[in-house]
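Note that subunit A is present in both complexes that follow, paired respectively with subunit B and with subunit C.
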Partner chain A sequence: MKNKVINLLWPLAFGVAIILLWQFGIFHKLLDLKPFQLPVPSEIASTLAANLPKTLHDCGVTISGALIGLIIGSFMGFMIAAMATFFPKWGYGGMIVVTALNAVPIVALSPIMNLWFSTGMAQKIGVVTVVCMAAMAINAYSGLNNLKPHSIDLMYSVAANKWTIFKKLRVPNSLPYIFTASKINIASSIIAAIISEYFASSTSGLGFGIKDNLRKAEMAMGWSYIVVASLAGVILYCIILLVERDAIKWHASQK
Partner chain B sequence: MKKSKLTSLVAVIMLILLAATGCSSGNSATPGAGTSDTSKPASGKLDKVTLQLKWLPQSQFMGYYVAQAKGYYKDQGIDLEIVPGGSDIIPEQQVYNGVANIGVTWVSSLMKYQSKGWGLVQVGQIFQKSAMLLVSKAATGINSPADLKGKKVSSWFGGNEYEIYALLAANGLNKDTDVKLVQQDYTMNQLLKNEVDAASAMTYNEYGLLLESGLKDSDLHVINMNDAGVAMLEDCLFVNSDWIAKNQDLYVRFLKASIKGWADACADPEAAGKVVYNVDQSVSLAHQVYMAKEVAKLVVPKGFDPAKIGYIDMAAIKQTGDLAYKYGLLTKPAVISENTVTSKYWTEATAK
Partner chain C sequence: MNTPEIQIKNVGMVYQVNNGEEIVALTDINLDIQEGEFISLLGPSGCGKTTLLRIIADLLQPTSGSVSIRGQSPKEIRMQHKYGIVFQSPVLYDWRTVRRNVCMPMEIMGIPKKERTARITRMLELVGLRDFGNKYPFELSGGMQQRVGIARALALDPEFLLMDEPFSALDEFTREKLNEDLLSIWSKTKKTVIFVTHNIPESVFLSDRVVVLSPHPGRISAIVDIDLPRPRQNSIRETSEFYEHVTKIRRSFEGV
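The block that comes next holds the complex of A and B.
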């Protein structure tokens, strides 16, 4: 118990120290910055408090787009992996396409999606879907195929058909991999959603707020959006961690 | 054990601090290096000056390119480097940080930075008129600003939306409830594909793109900010207050060469468009020439004496400041003084 508290206190103290150094202008001295270039934490906090409803609304827009895209993308990624597992001959082609898509930078993807979709929300979901698809497909494919030695032989020996093997062996085996992919995707879906908003034909969302305010010299407001974006990312990541702890209690990583 | 943990922590912090100070001293050294020598031009050694554009290399900035091509800067003892801008390159920040010495930006945007405490001063006004239009297809039926009610209108935002806010308010429309404002990309596809009803367009750039896409003037309805009485000034020249204090003579020489370049460009936009095209082929020659012709109308409007290129019209500056304050860009009235906008270098540069 005592150890746990100490383990928690050290990082906490470090974080507080950073904020204090920032607040009292040490960073500004070191980097030769003025407060209007890098606002201090207290100013960011008061700006955020004054604009909380608008910021939260924008956060909701971004997060809902990110989550919908995450779900669609992860589902499609898993289906591609399942396809490649069931029909290795031609299904693996999907994996290659998805890996190639993964290499397309988000900044190139966003304007392309702008041409395909007319609303900012649809464009955002499109970008996030593509981004999330690859990580899920690659991880799920490993999970569905990296089986314990002899386990598949056992299934064959009891005359299990393909579908039973899939349901009883491959899917449970892939769960840890799927959670790994989800943890990667939760971070990248928020990043993708925010970047896509830089280009989207809408005026809501965290990405638009960050870009618009930093351009207009409203640095404190821009930083408020940055703070909200990182908080949202951390909270979602924690939720995934909790779900994972519950869902795969049997796995070595959870013991 | 604990002790060694603590030492390593301290070591990490020291490293971070070291890296940070290393960066900062590196940063502050660069601008100094270029400006240390402000001696007379005749000595043969050229003074290095960096000009930060607001946007990509295009005829919007043809005066500087023409002056560069004709050697006007060299004649003034200046070795000019022209740095292109982009959607997330902010001239005010570049000039303040010393990445560039002189910047081109919109007056309203500069006023915003000044109001936040950035030590920048306006030292010339190239565009005498606003180039901002709100364009719609004739079929949409937007014949006057009042017809915008209930329509989807796009803007580039980031400070470019305030003439539209002013236009809406001047016509009794609420920007939040009477219209739907969306972000516009740097093409005109949203308007062409009918995804928006009215789109922002600069006379010299996006309006030309619409014409090049096959539409005719008669297919388009245009709301001109100058006619609507809500014009805000755009391309101006500005510098860092500390830099100009040490480089007055250098700036005056830069301005002399630039005015000469602009005068040549406006007298023969066709040739100026070609000069710009030779520097950067990102858009077609025809578009650069179109842009050059339109820009010439902003720099030397009808009835404007070409000898006065760069003149700062204080009444127009005041209108820009008033509109920016009234419609929410500025939170307090713009301070218009010698410290924020000054004509003294222009007077010196244009003295016979």
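The block that comes next holds the complex of A and C.
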């Protein structure tokens, strides 16, 4: 218990120190920045407070797009991994394609997708789906196939069929990998959603808010959006951690 | 003598290696096993003892010869769920508690829930893990995990218990304790047991007959009857008869 408090105290103290250094202009001196280039925390906080409803609304737009894309992408990624597991000959090729897709940068994908979809939301979901699909497919495929030695033999020895092996062995075995992918994807889905908003003609969302306010030199407002985006990311990440702790309490990572 | 329960005739196993080379894992294996017999397959690494066990279990197909079990093929026996296998590692599913691990093969066989619950309780009692049913595998020691593996194999009430070096990863004290426990379980259940090991005293302590295999290529070099009285306790390891059997088997290795 005491250790836990100390473990929490250090990063907290570090965070407070950073904010203080920032607030009292030390960073500005070190990096030779003017206050209008880098607004101080108190100014960001008051701007955020004054514009909270609008910021939260924009946050909702981005996060809902990110989450829908995350769910569709994760589902598709898992299905690809499952197909690759059931049909190894075809699946291997499929996994190579997915891995290649994973290497395509979001920045390159986003403007292209912009031409495909008529609405900002659809484009956002499209980009996030592609980004999340790859990480999920690769991780889930590992989880479905990195089995302990002899665990398939055990199934085989009691005459289990392929579907039973999938359900009772491969899927539960893949859970830790799926959570790993989800943790990666939570962060990248928000990034992908924001970046896609930079390129879209949308007039709402965190990405639009950041772009628009920086263009208008409303630095504090731009930073407010950054703060909200970070908080949303952290909160979603924590939710995944909590679900994970409950769902795979048998796994080494949870001991 | 009755008709042997398991007849292994001229079994050979040749592996094709990537560069086209052939490795002869087993050659010309002939062995008859009686019902209720405790047989050990003993030999150094690479003698094909595990390969032979896997062929009997229908986890591998021999490249020549045949195995017949009560006139049926290993596959038919496997499809009737008559094998209980204990592997080198416990192969527990981490996401299942001890009880649910023992339950797993019975679920697949479609045994009714009530019957499963009763059997799990009985099996955990048998292997001395009554109070550990709701633990997860990571909460157990290696010896306890291996006991769960044995309980799981016995729970489906198999007619053949196939054990592939089940205690080789355990320390000597745990191994001897589990050897004794295994004999006591065997005397209560009367299965035909085929036990793979590279430990000479272990094979002598457990078996009715020790089948000695030698490598390159894997073949049977001797079959030694162990006529030590049963039931056997660990104290038998200190007798001169036990020592004589161990010596005899050890010499049979030096001869090849």
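Going forward, the second predicted complex is superposed on the first by the 255 of 255 C-alpha atoms of A that agree within 3 Å, B and C clash if a C-alpha of one lies under 4 Å from a C-alpha of the other, contacts with A are read in each partner's own complex, and residues count from 1 in each chain.
Quick note on the criterion: contacts are C-beta pairs under 8 Å (C-beta built on N, C-alpha and C of every residue); 3 or more make two chains touch, one makes a residue touch a chain.
Quick caveat: nothing in here was measured; it's all calculated off a predicted structure.
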Discussion item. One more residue to check, A:201. First (subunit B), second (subunit C), both or neither?
Written reply: first
Practice prompt. Using the superposition on chain A described above, determine whether A:32 touches subunit B (first), subunit C (second), both, or neither.
Written response: first
Worksheet item: Once the shared chain is lined up, is A:251 touching subunit B (first), subunit C (second), both, or neither of them?
Response: second
Item to complete: Applying the touch criterion given at the start, work out whether A:160 contacts subunit B, subunit C, both or neither, answering first, second, both or neither.
Response: second
Item to complete: Have a look at where A:175 lands relative to subunit B and subunit C in the superposition and call it first, second, both or neither.
Response: second
Item to complete: Scan A:4 for contacts with subunit B and subunit C and give back first, second, both or neither.
Response: neither
Item to complete: Would you check which partner chain A:89 touches, where first means subunit B only, second means subunit C only, and both and neither mean what they say?
Response: neither
Worksheet item: With the two structures laid over each other on chain A, which partner does A:149 touch: subunit B (first), subunit C (second), both, or neither?
Response: second
Worksheet entry | Doubly contacted residues of subunit A, that is, touched by subunit B and again by subunit C | none
Worksheet item: Residues of subunit A touching subunit C in their complex?
Response: 148-151, 153-160, 164, 168-169, 172-173, 175, 248-252, 255
Fill in: Residue ranges of subunit A touching subunit B (in the complex, touch as defined)
14, 27, 30-32, 34, 36-37, 111, 114-115, 118, 120, 199-203, 208, 211-212, 214-217, 219
Worksheet, complete the sentence: Residue set of subunit B touching subunit A in the complex reads 9, 17, 20-21, 23-24, 27-28, 88, 90, 92-93, 96, 109, 112-113, 116-118, 154, 157-159, 181-185, 189-190, 193, 195-196, 329
Response to the item:
The answer for subunit C against subunit A in the complex is residues 57, 59, 78-79, 81, 83, 85, 87-89, 91, 93-96, 104-105, 107-109, 136-138, 156
